[in-house]
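Each of the next two complexes has chain A plus one other chain: chain B in the first, chain C in the second.
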Partner chain A sequence: MPWRLVFKNITKHWLRSTLTVGSIVLAIFLLCLLRSLVVALDAGVRASAVDRLVVQSSVSLFVYLPESYEAKIAEVDGVRTVCRWNWFGGYYQEPSNFFAQFATDVDDFLTAYPEVEVIEGSVEDFRRERQACLVGADTASRFGFKVGDNVPLIGALFPRTDGQPWNFKVAGIYRSKKTNVDNSTLFFHTEYLEKALESGESGGPSGVGIFVVQLEPGADRVAVAGAIDEQFAGGPQRTQTNTEAEFQAQFVSMVGNVPLFVSSIGMGVMIAILLAALNTMLMAAREQTRDVGVLKALGFSDGSVFGLMITQSLILCGLGGAMGILLAKATEPVLIYLLSTTFPGYAVTGETLQLAVFVTLGIGVFAGITPAWRAKNLQVITALRATA
Partner chain B sequence: MSQPLIQLRNVTKTYSRGGETLTVLDDLALDMDAGGYFALMGPSGSGKTTLLNLIGGLDRADTGSIRIGEDDLAQMGTGELAEWRSRSVGFVFQGFNLIPVLTARENVELPLLLAPLKGSERKKRAEYALQLVGLADRMNHRPSQLSGGQEQRVAIARAIVTDPTLILADEPTGDLDRASAEQVLELLGKLNGELKKTILMVTHDPHAAECAKTIVHMDKGGLGRIETREPRKPSAAGVAGR
Partner chain C sequence: MALVPLSYNVRSLWVRKSATFLTVLGIGATVAVLAGVLALRSGFQGLFRDNGRDDIAVFLRQGSTNEGDSAFTRERAEILTKTLDVFEQDASGKPLVSTETYLAVRMFKTDGGETNVPVRGVQPTTFAIFGDDVRVLEGRTFTLGADEVIVGDKIASRLRDGGLGDTIQFNTTPFRVVGVFHHAGAFSSEIWGDRDRLMEALERPVLNRVIGRIKPGVDIGWDDEDDKPKSGLALQLDADPQVPCKVMTERQYLMSQSAALGAVLLVLGQVLAIIMGIAAVFTATNTMLSALAARTREIGILLSLGFKPWAIFLSFLFESMLLGLFGGVVGCVLAYPIHGTETGTMNFNTFTEVAFAFRLTPELLAQAVGFSIVLGLLGGAWPAFRAASMEPTRTMRRE
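Our next item is the complex of A and B:
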């Protein structure tokens, strides 16, 4: 095979080759990016603990359950701890400074979530002080919160009657060992919120958003979940108890439409780029019709001109694909950092890379096969006559 | 002379175009001896290129046999025919047909890629062939950097680099000015006279045809007069070199 010719055909029109390679780099990078975002969405579901159940209203996640349910759930066989979770919905200085805050039963929370590791400060201080809070490492570094700092949050859902912000004291900073808990949440004591509501210092809804149940070792998840729901079958609020994985999956399907929309557009763009690259390669191949005729006249076999054309395509696509993959891998740390709040668990996995390699080869063959086939079947006299 | 190098018997070639069949070669018979220098002349459309392509194994006859030396082209498969071309024939076309992205030397080396040769040996042979056509100093130029005459000489170097017995040239001087044409003809004469190559050249130009030892006239599918004559010596002398 005339390797020199392969090389020269590619380098001769370097601008065209560069643009073709560039568009493939972009397409493959886009593919890796979209795949990794989907991976991020699923990360919470995959990392979910098997020994936790989530009790919510069977109507909707946004309907509160009565406080009294806590004690009743705790009585069910197989339940080890019950922990209340209430969405606080406050913001720091500006509404756009969004991060999640939850009011919880701190002791139960710490028992049920061993993956939450306090990396700075003290767990004991968090347990002891009513206004203490535990802040995720990403949020802490985003706003520069340090252990011992006072964090004022405007209560949008729970406005204080004096018009002042709520004050939380950072007792510790945590990092989660698994992706089901992100590193941007602020956890604080349910009692703090309760007392303020009771004393009229703050307005806002009463009741409990969700209960997180930690199971006794060896307890049957399905049986316990069934027993809990049965207890409240007669009201006043019916419940729906799911495994943590099912609960997380619910969020994925809630935001699911947006990523689907975004990835459909992304896919469309990717395909458009690929078609443009394909078109360029077909044009380049057509320009070589006469060369193919000459090679055949000189005695090059049908197979070798086929190889010539497809190799050119594979080299361009392979180059573009390899660079796209490298780019996706190289930007991974930056994107993990940038997307830590919106897409925690962003990761360019081996599976994604495999897919990218597969797609790259696919494009290479797809773009090369038509000109290669045409070259293989081209009659010498037709090729030479075309330009004589 | 013993057996002729090229032996055509009952060769017929038709093209069909839109239901119409056009008989280009009709029951043609022709012998050409080894070491000959033949010019093929005739009006446009008389089938000269078609005949040349059949002899060179670029196309196939509908019926009849074409023997070149010991080889019967009709019996060969496509792959065998390609291999035979690479060993036995050197082509020179009117449009030069060099590969534009390759340098003169790389173009000349191209047919050698099909022979079991080391890179250094290929390079040496390509350089020698370019020297023969007087372009040793243009080896690293690309076709676009050469004149038409020089391009055609590179094409001739490419045709002879594998040392084939037969050189087929289709209007090799068709696109050239007088001086360049004379240079090319001088070269062909040298290949025939000194290197004993059998040459078959299609041409419209009586000046060019005069340089051959035998002129074969073609007319409407058949052969006409065949004249054997004392060839004219082409003289590039007096007309400036490159």
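Our next item is the complex of A and C:
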């Protein structure tokens, strides 16, 4: 195969080649980006632990369960620890500075979530002090929180009667080893919230948002979940106990048609680049008609002419695809940071990259095959007679 | 002789059918994607904006951003409804003001997924306030004091147990669906029932919001741009010693609910438009460059006939603009079938699902076509410049 000619043909129209490669770079990048967003949606589901159950109200996310349930759940066979989680719903300075905060039973939380790794500060301080909190690494870097800092949070759901913000002391900064826990949450002691509610320092709903149950090794998840729900079937609040994966999946289900919507956009992008690549290859082929005639007259086989055309297409698309993939991978850390609150778990996974490679090759072949086929079947005489 | 005849460009596009066709389709795909995102946004925002009323005031707890986290005790709500002299009265002289309870309730969809449906406990005056905006289509409305509900027509068929005659269980109390009601806005994705019965069944200790029809001439005075009270009633209630609260018109409230998702969709649309737009400009440039290469001699002839370089420039630019225009039209045609398609998405403020339809308005279509023309012009600029700066003698010498 005339490799030098492949190279010459591509560089001869360098502007056209650059523009074609450029549009493929953008399209492949966009494809990776969109797919990574969809991946991020159910990242939490896939990383969920199998030994944890979540007990919530069967009526609504916004209904609280009675405190007394904790002891009753703990008595169920197969339950190792029970940990209370309460949504705090506060904000730092401005309502737009959103990140999640949970009041939780610190000791049980740390046992049940081995994936939460404290990278700065001390776990002991967090356990010991009532106003201490553990902050996710993303939130810490977003607002510049450091170990030892005081973080004032305005309680939108739990307004303090004196009108002042709540004070939390950063005891540690964590990073999660798995995507089921994001790196932007603030965890603090349930007791801190409880005491303030009891003494009337703060208003707000009482009760428990969810209970996270850690199972004994070897316990039957379905049986334990059934036993818990059975206990409260007659009220006062009916419960729904799910595995952590099912609990996370309900949020994904709520997002509804978004994955379908994003996939349709992805299809639109693919069609657009396919047409662009095909357009370029057809233009190139038309100009090279005479060259093909000359090659054939010199004795090059139909096969090598076919190869010549399709190789040009594959090189252009491959170059664009590779750069698009590199761009997607290079922007990954920036996008993880930017999307940490809206799409925690954004990741350009191996599967996404495989898909991108597959699409790139597919487009290269598809765009090259028509002109290559035409060139292969071209009569020498017709080809030589063609004008540029 | 000034301009190159426009028919020259049209014929030129026709001669190069395949390149023209592919470029137009490529631009079309870009425009269709953009139009789709904008239609989603317009459908979602329109649902809220166009169905909110300016003569209805919504009262929320201070610091809350939606009715889900707003709360009034019965006593505080009563102070508002009894002491404020701003409400319209019905024929019998009763003020048109009502208190509501609101909860996002977990329910199953017919396709098996879970969703959160807003359940609103209302009073008889609620219907009087909204008048004909809320009307029962099938069955009847619920009886006061009975365990009955009516379901919005947008979700009645999407919910398991949401149809007429079905039974919905709220915690431990079963409620019967006795009617299906219609509202042009977001209420059609809700379930309504008797306020007191729902408060008891769902164990809601507090009310969520107060709404009332305002007398003409009363200044509500909420500034939705800055999200703070500016004058009139809003300023007065902000500093009220007994029941400090937020008050805004229903339209302002609903618009604030759709702002977050609307902004996300707008950013998504812009990012897509920019990235895909650049790719489309590249394609258009390629096409025009190849048109240029094929017509080098023709340009030479035109120049020697006395056409000025700027006429050549305009001629090429016009041709490229035509490509963009056709692309825009194709894009609109491709995107048009989604107009009116029903879909559901989450209102992230209240974690509830809202059903709405994609909406392609004439303005949106005009925007899309305008965008595609810009793409064409940008793509054609460089090739047109190249064409205009050619020398007749050199171009004619080429075989």
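Assume the second predicted complex is superposed on the first by the 347 of 388 C-alpha atoms of A that agree within 3 Å, B and C clash if a C-alpha of one lies under 4 Å from a C-alpha of the other, contacts with A are read in each partner's own complex, and residues count from 1 in each chain.
Criterion: a residue touches a chain if its C-beta (ideal position, glycine included) is under 8 Å from a C-beta of that chain, and two chains touch if they have at least 3 such contacts.
A quick note: this is a predicted structure, and the numbers were derived from the prediction, not measured.
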Have a look at where A:12 lands relative to chain B and chain C in the superposition and call it first, second, both or neither. first
Which superposed partner A:74 touches (first chain B, second chain C, both, neither): neither
If we overlay the two complexes on their shared chain A, which of chain B and chain C does A:302 touch? Say first, second, both or neither. first
Applying the document's definition of touch, where does A:384 land relative to chain B and chain C: first, second, both, or neither? first
Looking at chain A, does chain C or chain B touch more of its residues? C
Applying the touch criterion given at the start, work out whether A:283 contacts chain B, chain C, both or neither, answering first, second, both or neither. second
Determine, under the contact definition given at the top, whether A:237 touches first (chain B), second (chain C), both, or neither. second
Starting from the residues of chain A touching chain B, keep only those that also touch chain C in the other complex, and list them. 387-388
Which of the residues in chain B end up touching chain A in this complex? 53, 56, 58-59, 78-79, 82-87, 91, 93-95, 97-102, 106, 110-111, 113-114, 158
Residues on chain C engaged by chain A in the complex (per definition of touch): 18-19, 22-23, 25-26, 29-30, 32-33, 36-37, 40, 63-65, 68-69, 103-106, 113-116, 170-172, 202-203, 264, 272, 275-276, 278-280, 282-283, 285-287, 289-290, 293, 343-346, 351, 353, 399
Per the touch rule, the chain A residues reaching chain C in their complex are 13, 15-16, 19-20, 22-23, 26-27, 29-30, 58-63, 89, 95, 156-157, 159, 234-238, 240, 250, 253-258, 261, 264-265, 268-269, 271-273, 275-276, 278-280, 282-283, 286-287, 342, 387-388
In the complex of these two chains, what residues of chain A are touching chain B? 1-2, 4-5, 8-9, 12, 290-291, 293-302, 379-381, 384, 387-388
